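Have a look at the structure below, then the notes.
The first chain written gets the first letter, and so on, giving A, B, C and D; residue counts start at 1 in each chain.
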Amino acid sequence: MLQTAERGASKSKKAPHKKYLEAFRIMLQTRVFEEKLASLYRGGMITGGVYLGKGQEAVSVACGLFLQKGDVFAPLIRDQAGRSAFGEPLLDVARTYLGSRQGPMRGRDGNIHRGCPKAGQLAMISHLGAMISVVVGKLLAKRMKGEKGFVGLTTIGEGGMQTGATHEGMNIAAVERVPLVVVATNNHYAYSTPNDRQFGCADLVDRAKGYGYEGSSVDGTDLAACLEVISAAVKRARAGRPPQLVVASTLRLAGHGEHDDASYVTDDIRREPFAQDALQRTEQFILEQELMDREALQQMRVEIAAEVDEAVATAQQEDTPVGSEEDWCAISTRELADQIP
Amino acid sequence: MLQTAERGASKSKKAPHKKYLEAFRIMLQTRVFEEKLASLYRGGMITGGVYLGKGQEAVSVACGLFLQKGDVFAPLIRDQAGRSAFGEPLLDVARTYLGSRQGPMRGRDGNIHRGCPKAGQLAMISHLGAMISVVVGKLLAKRMKGEKGFVGLTTIGEGGMQTGATHEGMNIAAVERVPLVVVATNNHYAYSTPNDRQFGCADLVDRAKGYGYEGSSVDGTDLAACLEVISAAVKRARAGRPPQLVVASTLRLAGHGEHDDASYVTDDIRREPFAQDALQRTEQFILEQELMDREALQQMRVEIAAEVDEAVATAQQEDTPVGSEEDWCAISTRELADQIP
Amino acid sequence: MSVTYLEAIREAQTYLLREDKRVFIYGQDIAGKFGGAFKATKGLAEQFPGRVLNTPISEDAMVGTAIGAAMEGMRPIVEMQFADFSSIALNQILNNAGTQYWRTQVPCPITIRLPSGGTKGSGPFHSQSMEGIYSHYPGLVVLTPATVEDAYTMLIDAVAIDDPVIYCEHKYLYYHLKADALPKDRLPIGKARVVRPGRDLSIVTNSAMVHEALAVAQQFSADGIEIEVVDLRSVKPLDTDTVLASVARTGRLLCVGEAFPWGGVTAEVIARVTTEGFHLLDAAPARINAKDTPIPYHPNLWSEHRPNAKTIAAKVRQVLAE
Amino acid sequence: MSVTYLEAIREAQTYLLREDKRVFIYGQDIAGKFGGAFKATKGLAEQFPGRVLNTPISEDAMVGTAIGAAMEGMRPIVEMQFADFSSIALNQILNNAGTQYWRTQVPCPITIRLPSGGTKGSGPFHSQSMEGIYSHYPGLVVLTPATVEDAYTMLIDAVAIDDPVIYCEHKYLYYHLKADALPKDRLPIGKARVVRPGRDLSIVTNSAMVHEALAVAQQFSADGIEIEVVDLRSVKPLDTDTVLASVARTGRLLCVGEAFPWGGVTAEVIARVTTEGFHLLDAAPARINAKDTPIPYHPNLWSEHRPNAKTIAAKVRQVLAE
């Protein structure tokens, strides 16, 4: 992955951030992959919902890019880019969406509920805000075990910021002074609900002070800014500063899920600066600044298409789970499983 | 009540707030009454806990004093003064603590869990923060019904501010733009837990901005300041300004409950300015400024002692509830009560 | 013309908003043109301005606000986006709404709509049936309409009740169930209904499982075995009399539920029948519930996790063989 | 020397902190000299610095944090100040802890201590018994120790279990129950215990009600009626075998529980016995629970709300008369 990006970049000027092209490639891959998922969904090949991160690839990729082995990442529903940047194989995603029994969730859970906690990536539960305190617990435990230099990063939407769990989780992180970064993306809609029915403050970054966090804002359509602001927040958390709140501004450029046509998004909002497509902006910048040429870009697209197709094709060939072979035991201590007639 | 205060004040200079002496009388009555409750508790005459507001009478009284008929008041455990100021009869309190079947809770609930929603005073549930959204609902409904000029006021501790319910309730009030005042008293302990294990921010009033509230701080040991700041907040809410957050600073001058000797309160904290006794300060000010003379004060004490004794004596003579005569039906629609064998 | 279960819920709300100005609806994404994750309030915000309100993602505060409004004389309907998210509001529901009248004698007429139950591909957090939890605590009325007609009349009745009502609507039935028209009559809340008479065995069930039970009864009928199917409709209060009368006729009892197997509706029904009607039983009672794991996402697993016609039929045979 | 039920809980935690460095305790007011609302951790913060941590009033985050720590290899014990406040953490407990292993195959060994049950004067929000709610959902082990010995060994065992455990300790037993010494032996988790042999009727119960049942059994013994008392100890898993064996001996079953009457442990036990051991019963099973209202504050009401020796004895007579 990285290689291609550097190859593309080789004939070029200096990117505004050393990970700029690496980030771009992941963003592009995310877009291509998600379009594929959407088309599979439209074709009736996916059961359940499909949730895309279109419009927030820049923020999301930055969330994953600065984390290292030993860090904790708790992504949410629009974080395909961040997950890939953190190292989640595309095949895991395809397997989860397509219900392969070889996927990390083995058909037990689907779509965006996947994760691999052993690799540091938590599997979200749907209840928004619930993962924040779980990350706090991971970080607290790492400190207790004597680990050093780790951080945790989790994402939340402007709607999810209004849950009690988010509040309790953000506050307890400050009390425990764990190295946590919360990246809140205000994409101006929570499902169909606009900001004015979600919160009453002028800017969600104003919450930072009330929790004892350091707060920063970023234009979520500007990849360079996202890389800079989020990497700085990660660095500060890693260095032992208080927890960090980054609030990014974007527009969700898809439906809430692929079942949703988002017809409630107003034209006025579509004309706002935050409604720009981060991927397009990035690509334009790359071409303008000649960080890559059109040919390299085209080649990257071809490679990505192949990667995506391969992941999907592999997952599609795999077996789906079989009810009669399933291990119907919810707990790991098998001898304590209740024998209910 | 008011009469006496005015009588005492008649020979005197001008008080720093027109309700100063009225407030003082309630504070004094609260102190005397709570001491009586404590002594009943020590004498084994009260079942369950006794929770006192010692040290926060000034903030609490101000919470009740500026509310009118049609307003909503949701007090918490240290708000005896505020409840009295709002109009709760002492007899209700005595009856609740002593388990009279004539009390507003008829023995079903005790101590500080009392209330009389029809009179605008909600009966708290224990789960901290849960009452905030209930007040929001009352206010929303009043608006829907076309009522005008009302406000709601609720109190919370610095510990209670960390619950998810507080967050959701405060936020939804801002979204609904209801005329709510939240008075948060930071008395530096939540039960035994000091501030540094409750929150990580420098000052809880910094939360105001993050909710879209107007915030103010006040020295909770200074009655004049409490009257001024809280009356102003109530006035602003009533006038249609955004919800108000007032953060008062005090020290709890009793145990969490009377079962608790509060030996965890450090000497350092006891020497802080916020550790002053608001009642003592008020009394001293009154004498210094000659708002009342010693004689009037003494007479007030005598009157109050009589009021308190009468309430307690009355409640003590009343019957307690009888299990076999109790109406064991949790719902009002009797025909839908489940007939469980 | 026909009306689906979902449309019946929408029609009931239209009726309520029109007829009772104390009614308003409060929930996530229910307003605007959007009209809710399942479109149960589609069009209502436009038709009744200011009375269908979007809320923040704050289930605890949604219910708390509804409680306050109800105490002030309103009749709020709260829509949870999925029943599963009511876990966030559970404290307000059990400890505030459920105790309010008993503590203060002020009634708390809120209706909480819980889009409940499994559909394929919905997974552990969008498929739950929570009626067992809400019925366990005092102070609530808990309803599980299984038909288009009941979806309509029971929602209207729920809002009229002066106490908190948990109205569990089944998502699988939203589109799968159709009736010719809205009902003219109603069976009162608190009464179970014998939806199919029989003589050999009683299946007592509720919500979507009523239809699985009917399908099984149909099958057995071909072999001359007549299964009586009782739709509980209301799980609290639970109409023990109707259940006992059915068992008196058949002598055999199978309880079917979609919820988790420990406790819940099926255990309660069996406890009532065996404590109050022990001698009516000619054979051991039986029950069948979902499996004791989270609800799986994949359709292959999901259809095995919940009771289905095959597993119900097997149980029926077992009870009949005794 | 003697040891109370509460001291046994403290001793178990002392043992755990000493023997297993993965253990830490997380809760409100449990640290410092204070040592918890009930003093269950008194002295432990000083003895084990950094391992007994006060939390903000944030039950959801307390449990979330414990889940994260457990997934990272620790063995957190969460103390709820009262079981009743766990309603705030219910979502984390049911939907996060309870599903974690099944979804991700990463075990989630947290132990949540719930000071449960009624004591006089505690009222609706400091008296609840929530084992029925937690047992209903998959993924949790739910324990209700009724003796000093079990309080000790079951807490130690709970922390050793690789899954989330809800440990319901009864507040009434804290000081009322004493043993001579800490136990040497233990009965494994998942096994019920016949605490009093009998032949005429089995009372199956748990937690504080075990002692009410024993008192009643004692009374009847004077009249030559021998009641067998089974202490479930663990309500999930539930040891159906031991219960059935007891009913096989006595032919009669009375289930006694302190929780609310709809559903819960008593309904589940009756459902199991009647579905699996119908023919063992010579008479209808019976149950007695608390009343279906919030738990009253006043001792006169409280003592009538919960099952007591008088009401249990009346039920016993009724079952014996059949």
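One rule holds for everything that comes next: contacts are C-beta pairs under 8 Å (C-beta built on N, C-alpha and C of every residue); 3 or more make two chains touch, one makes a residue touch a chain.
Here the structure is a predicted model, which means the values were calculated and not measured.
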Joint neighbours (chain B and chain C) are A, D
Taking each chain's centre as the mean of its CA atoms, the one lying farthest from the centre of chain C is chain B
Between chain A and chain C, the Cα-mean centres are separated in Å by 36
Averaging C-alpha coordinates per chain, one finds the centres of chain A and chain B separated by a number of Å equal to 45
Distance between the CA centroids of chain C and chain D (whole Å) is 30
Chain centres from averaged Cα atoms put chain A and chain D apart, in whole Å, by 41
In chain C, the residues touching two or more other chains are 55-56, 58-60, 84, 87-88, 91, 95, 98-99, 102-103, 124-125, 138-139, 236, 238, 262, 275-276, 287, 291-294
Residues in chain B with touches to at least two other chains are numbered 105, 108-109, 113, 125-127, 162-165, 168, 171-172, 175, 197-199, 329-330, 337-338, 340-341
Contact graph of the chains (line, ring, star, complete, other): complete
Chain C residues touching chain A in their complex are 28-29, 31-34, 37, 53-60, 82, 84-85, 87-88, 120-126, 261-262, 287, 289, 291-294, 296-301, 303-305
Residue set of chain C touching chain B in the complex reads 24, 50, 55-56, 58-74, 76, 88, 91-92, 95-96, 98-99, 101-104, 106-107, 138-141, 161-163, 189-190, 236-238, 240, 272, 275-276
As the complex stands, chain A meets chain C at residues 47-49, 99, 105, 107-111, 113, 125-128, 159-160, 162-165, 190-193, 197-199, 263-264, 320-324, 326, 328-330, 337-338, 340-341
Seen from chain A, its contact residues with chain D in the complex are 104-105, 108-109, 113, 115-118, 122-123, 125-127, 130-142, 144-145, 164-165, 168-169, 171-172, 175-176, 329-333, 335-341
As the complex stands, chain B meets chain A at residues 162-168, 171-175, 177, 196-202, 204, 206-213, 242-243
